[in-house]
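Below you'll find the structures, each written out as structure tokens.
After this come two complexes, each holding chain A, first together with chain B and then together with chain C.
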Partner chain A sequence: MKQAGFSSKYLPYLLLVPTFAVLIIFLFYPAFETFRLTFYKVHPYSGAEKFAGLYNLKKIFTNPDYLSSFWTSAIFAIAVIGFGLLTSLLLALLLNQNIKGAKIYRSLLIWPYALSPAIAGALFNFLFNPANGIIGYFTGIRTWMTNGSTALFVVIIAAVWKNLGYNIIFYLTALRNIPKDALEAAELDGAGPVRRFFSITFAFLSPMTFFLLVMNTTYAYFSAFGLIDVLTEGGPAESTNVLIYQLYKDFFVNSRIGYAAAESFILFMIVVLITVMQFQTTEKKVYYQ
Partner chain B sequence: MKRFLIVLLVLMLGSSFIFGAGQQEVSLVDEDANVTIDFWHAMSGTRIELIQSIVDDFMAQNPNITVNVQYTGSYNDTLNKAVSAHKAGNAPHVFHSYEIGTLGMINSGMISPVDQLADRYDIEIPWDDFFVPVQSYYKYQGRHYSMPFNSSTPLIFYNKTLFEKAGLDPENPPKTYEGIREAAIALKASGIDTPVTWNLHSWYFEQMCCLQDAPFVNNDNGRGKELPTAVLFNGAAGNKALDWWIGMYDDGLFMDVGPGWSNHRAAFGAGEVAMVMSSSSDVNLLTKSLAEKGWEMGTGFIPRPEGATGGVAIGGGSLWMTNNHPAEEELAALKLVEFISSDEPQMAWHKGTGYFPVRKTAMDKLEKEGWFIENPNYLTAFEQLLVSPETLNTAGSLLGVFPETRAIIQSEIQECYAGKDVSKALDDAAAQVNDLITEWNELIDL
Partner chain C sequence: MIRSKRKTTAIHLLLIISVLIVCLPVLLALVISSQTETEVLAYPPKLTFSTNWVSNYTTAWQRINLGRMMFNSAFIAIMVTIGKVIMSLLAAFAFTHFDFKGKQILFFLVIVTLLLPVPVRIVALFEVVRSFGWINTYAGLIIPFWASATGTFLFIQRFKTVPSELIDASKMDGCRPMQYFFKVLLPLTKSTIGALVVIEFIYIWNQYLWPLMATNTDNMRVVQIGIKMLMNAESSNNWGVIMAGVIMTMIPPLLVFFILQESFMKGFALQSEK
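Showing the complex of A and B:
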């Protein structure tokens, strides 16, 4: 096939300029600045700088609160990804059936994704807050958000719920694309519904699951801020203080720009590492059509 | 330094005579020039309109000045935005910040002290008319740095109807730790499961130390010649206050409603609790929410241990003026902050919120109107302040890392709820904060 070419050698580069301008100004430059500030002490107001070597990294890694937020983040991420993917796959399978009003259910299930994290947080606050939460009223337990372990649980549920719509849309699309003949052939060969699900449906879903795994990892590590800020402010006693929240506090509340830079550098490295690991291990098991 | 400046001024004046160059020291400002200034504040909800209407009055009196008023989020958000805007060279002329940001702002290099500008533009600000605790909070080493605007103290709010039901005297709220405890036990017996609450906020703890006349930080409570280098809140006073607080929680008398300002208000409004501690700026709000249920609300001084001789320090916020603006705009901004602190705006602000007026004349006018006879709860905060002795402690403690200190104290209090020993929690908090102070004192010199 003949490839359509550009009349001038420079035109393609010219067309790329707007994209790169935006990327450089809003992504690469700030990212580079953050990386650079990791090695500086910074005045909280004027922004005056002084080179400090590994000072910031040393400081944050000797802070027990920061170290414990590593664990909190890991537990939070694993729970949000595992629980989130499982629930949304189940719901997508249910939605994929020929049932009356499927369209209505679909819209309703996708709805939470359209809410901003702050609104989602406010909704869960109505349910669980210790003063007049609805769940507290019906269960007689007021301490959902003031007890460390249940608070983490509430935040996880909220984060899963918030992202459910996103996962369902992608799973539903993938389910629609599974060739019917493969399923029919298996049925004729005498495979039961369970066998059919694991050997055929799940295999066809694997690229999508892999994609969602990567997306949900970034979601769990980067996007939980709004929910946590509205629901618990990282408390009680740091029990919901995930890395991104600690980063927010160090930059916006404590004005410690050097720490915040070091923390965002670390957070970035963690997510890169996890994603690379996922590509290395999981992708080999993924079957692309 | 001052003497040196005077000598310098005299020399310069002298030299201008000699050379006859006639260049004047005080730049002439065109007072009637049309200017537009920005004013960022941190008051949400119905207070946005209240501030707008105050500023509208100001613009009506000064037709050449246009003020862009913007609500820019919480105190902390507003402060961050102002700091970033200043770095970018477009800081708002006036912004609103919380009291605990004071030492940071003084050392920030981005503000001009209000009294300095007042001298430069020859605007008279009647500092003596400001209540002493108000002016002394925002005065640092003899200099008035920011313009007091919204001042408050914590108060005890109690539900008179529920008090009566529990056999307590609704006109005589408890004033001591023991008194609150006994009232709570009586209320619990009358069927209220956890009768007392307040939101998780270090401000109450700070005031409880202050009421025992104990400094919060060293170097004259942060007001000395040197910056503070260590905190003192883990002393006897801090321990006594937190022991009492956690003891009430352990005995099921106190409901933990977490941080933020909405949960304890909601619990109080719903009758889930009969006594809360909150800011005096909540008088208006809480009176209304209890009236909806047909209940009557009372207010009282925040409790102290038997025999403690301290007083309260003010909380709230003040208006800061940023530097590096053209003279015409600086003058307009100065007029604006002076106007906001004057009688009419302060009276409207007081009635709409519960923050008390910062000036004596405004207070006198309110008294003459008979406002306090009809609304005695609006007077409580003020009386509490007037009976407070004038000391370095009641002037309020200054600390550069105050916002972070509060977060640390609050986190440790939550650990106490979960069973941690009070004195260990306070020592741990103090150790963390002391590290931060050392670091901050170094950073601020960069």
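Showing the complex of A and C:
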């Protein structure tokens, strides 16, 4: 940000007033309050508060429902990220080939980006429904949504499908920005396509992969709510009850405010942890280059 | 030569298969939305178009007051998008074209909001919005989303690539900062604005958790909640009507996406160029 061009005493602050008004009232204050309430007991009707130290955190981490939800979320996130990034990288590599109609293929592959998690939920609900789901008919298995582990699998597939377009867009952008001379130099050195991919393409793609890792983590932990609510409502038998769904139930259905605040706090820590990891790895990458 | 031709054919084949798999769920929804209840229930499933379009689509539209929901979703998405574009343009202009005290800290505070999506502050955000009397209002669904780290960041990246000679020339002409902003900078930022419009319109249109909590009257519901209401309202077997509703609710964001696709891709490509 060195491109300063104008000098004015008040104008830059004036320009930032709208943004910061919204940030303070609707982001920083609520975030701080949520953090504070993590350490309070709150009466569900009167709203009376009482300092409770680590009570809420202890309580959620001794609650078997929460713990199982914690692991369900972790499995869900890892599967969505792993499967999602791999598939989208392969598709982006195909789209990046010099072939006729590449643009049309691109459009046809990325458009589900515009669809919502709730829509993905409705579509996959139909595909896998026990009564007359198409997938049930063709696989001969009708219990996709009534069995816990297959239901989680369906939720994962739906989440990956919905986010494929987003990941492909970013991988395509990264592939386009790989300097051609690096690839040509490697070819002159006699490196075959496979070696070229692993020694050059892969290295240039890793910053984007880390960025997508963070974006897909927040996607898996937060945006999946609509998908779960429409597709399974956390069931059967809590098998798809991810953290965000548990948080929604504790806050909105059961009015356990301190509890829910503590759960938000845990979600926040997960995001911070992964972002810090990302920053550290990309920084190393920069030194390395 | 023959080998490379074979390779091209293989790539086409792989891409066609991928396209089919990716499009299948929606294609199927389209087919189902044309079938009567008996056809939907046929076993083995009937996979061809039928003629029950009008009935399914009008039933879906009336059953949950979809018109009102479409209006709500569109109005909210448009207002949030306009607010975000304006605010992040102004913020990015301040960060790139001025030197001022506390710039680094303020910039850091904007970027740090990427770590604060709705769910990590929802408990207190709900209290704030309720204390303003904003439950079941457009304000409660629009104003909390106006600031945008993504937008600010996108515009900063774009503004950085504008040659500094342009500023010098404008200054020589006696251009004041805001004149330069409107006359020189803004016209150069069109595709980035297009990209942000796509991102934010789709993001807000597709939102689920916040509208679910911040509204509870049928008049204020948005289409995403409508999908679930439709699934609950229709007997679980009448997928024709449900899929008709699903298809209708995906049209607006798809329109925005396809109309602005080129600037969307360009805006992104610019972002990742150093």
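Keep this in mind: the second predicted complex is superposed on the first by the 269 of 289 C-alpha atoms of A that agree within 3 Å, B and C clash if a C-alpha of one lies under 4 Å from a C-alpha of the other, contacts with A are read in each partner's own complex, and residues count from 1 in each chain.
Here is the rule we go by: a residue touches a chain if its C-beta (ideal position, glycine included) is under 8 Å from a C-beta of that chain, and two chains touch if they have at least 3 such contacts.
All of these numbers come straight from a predicted model, not from anything done at the bench.
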Inset, instruction - Please work out whether A:261 is in contact with chain B alone, chain C alone, both, or neither, and reply first, second, both or neither. - result: second
Legend entry - Per-residue touch tally on chain A - higher for chain B or for chain C: C
Inset, instruction - Using the touch definition from the top, say if A:169 reaches chain B (first), chain C (second), both or neither. - result: second
Inset, instruction - Pick one for A:238: touches chain B only (first), chain C only (second), both, or neither. - result: first
Inset, instruction - Have a look at where A:41 lands relative to chain B and chain C in the superposition and call it first, second, both or neither. - result: first
Legend entry - Which superposed partner A:86 touches (first chain B, second chain C, both, neither): neither
Inset, instruction - Considering only touches as defined above, state whether A:273 meets chain B (first), chain C (second), both or neither. - result: neither
Legend entry - Contacts of A:132 with chain B and chain C, given as first, second, both or neither: both
Inset, instruction - Pick one for A:252: touches chain B only (first), chain C only (second), both, or neither. - result: both
Legend entry - Overlap of the chain B and chain C footprints on chain A, listed as residue numbers: 129, 131-132, 252
Inset, instruction - Would you mind writing out the residues of chain A in touch with chain C in their complex? - result: 1, 3-8, 11-13, 15-16, 18-20, 22-23, 25-34, 37, 91, 94-95, 97, 99, 101, 105, 107-109, 111-127, 129, 131-132, 134, 137, 161, 164, 169-170, 173-174, 176-177, 208, 218, 221-222, 225-226, 229-230, 244, 247-248, 251-252, 257, 260-261, 264-265, 267-268, 271-272, 275
Inset, instruction - Spell out the residues on chain C that touch chain A in their complex, using ranges where they run on. - result: 8, 11-12, 14-15, 18-19, 22-23, 25-26, 28-29, 32, 40-45, 47, 86-88, 90-91, 93-100, 103, 106-107, 109-110, 113-128, 143-147, 152, 156, 159-160, 164, 167-168, 171, 177-178, 180, 202, 205-206, 208-209, 212-213, 224-225, 227-228, 231, 236-237, 239, 242-243, 246, 249-250, 253-254, 256-258, 261, 265, 268-269, 271-273
Inset, instruction - Could you please specify the touching residues of chain B with respect to chain A in the complex? - result: 76-77, 80, 83, 86-87, 104, 107-110, 197, 200, 255-260, 262-264, 266-267, 270, 272, 401, 403-404, 407, 410-412, 414-415, 417-418, 436, 440, 442-444, 446
Inset, instruction - Please give the residue numbers of chain A that touch chain B in the complex, ascending. - result: 41-50, 129-132, 142-143, 145-148, 232-233, 235-238, 249, 252-255
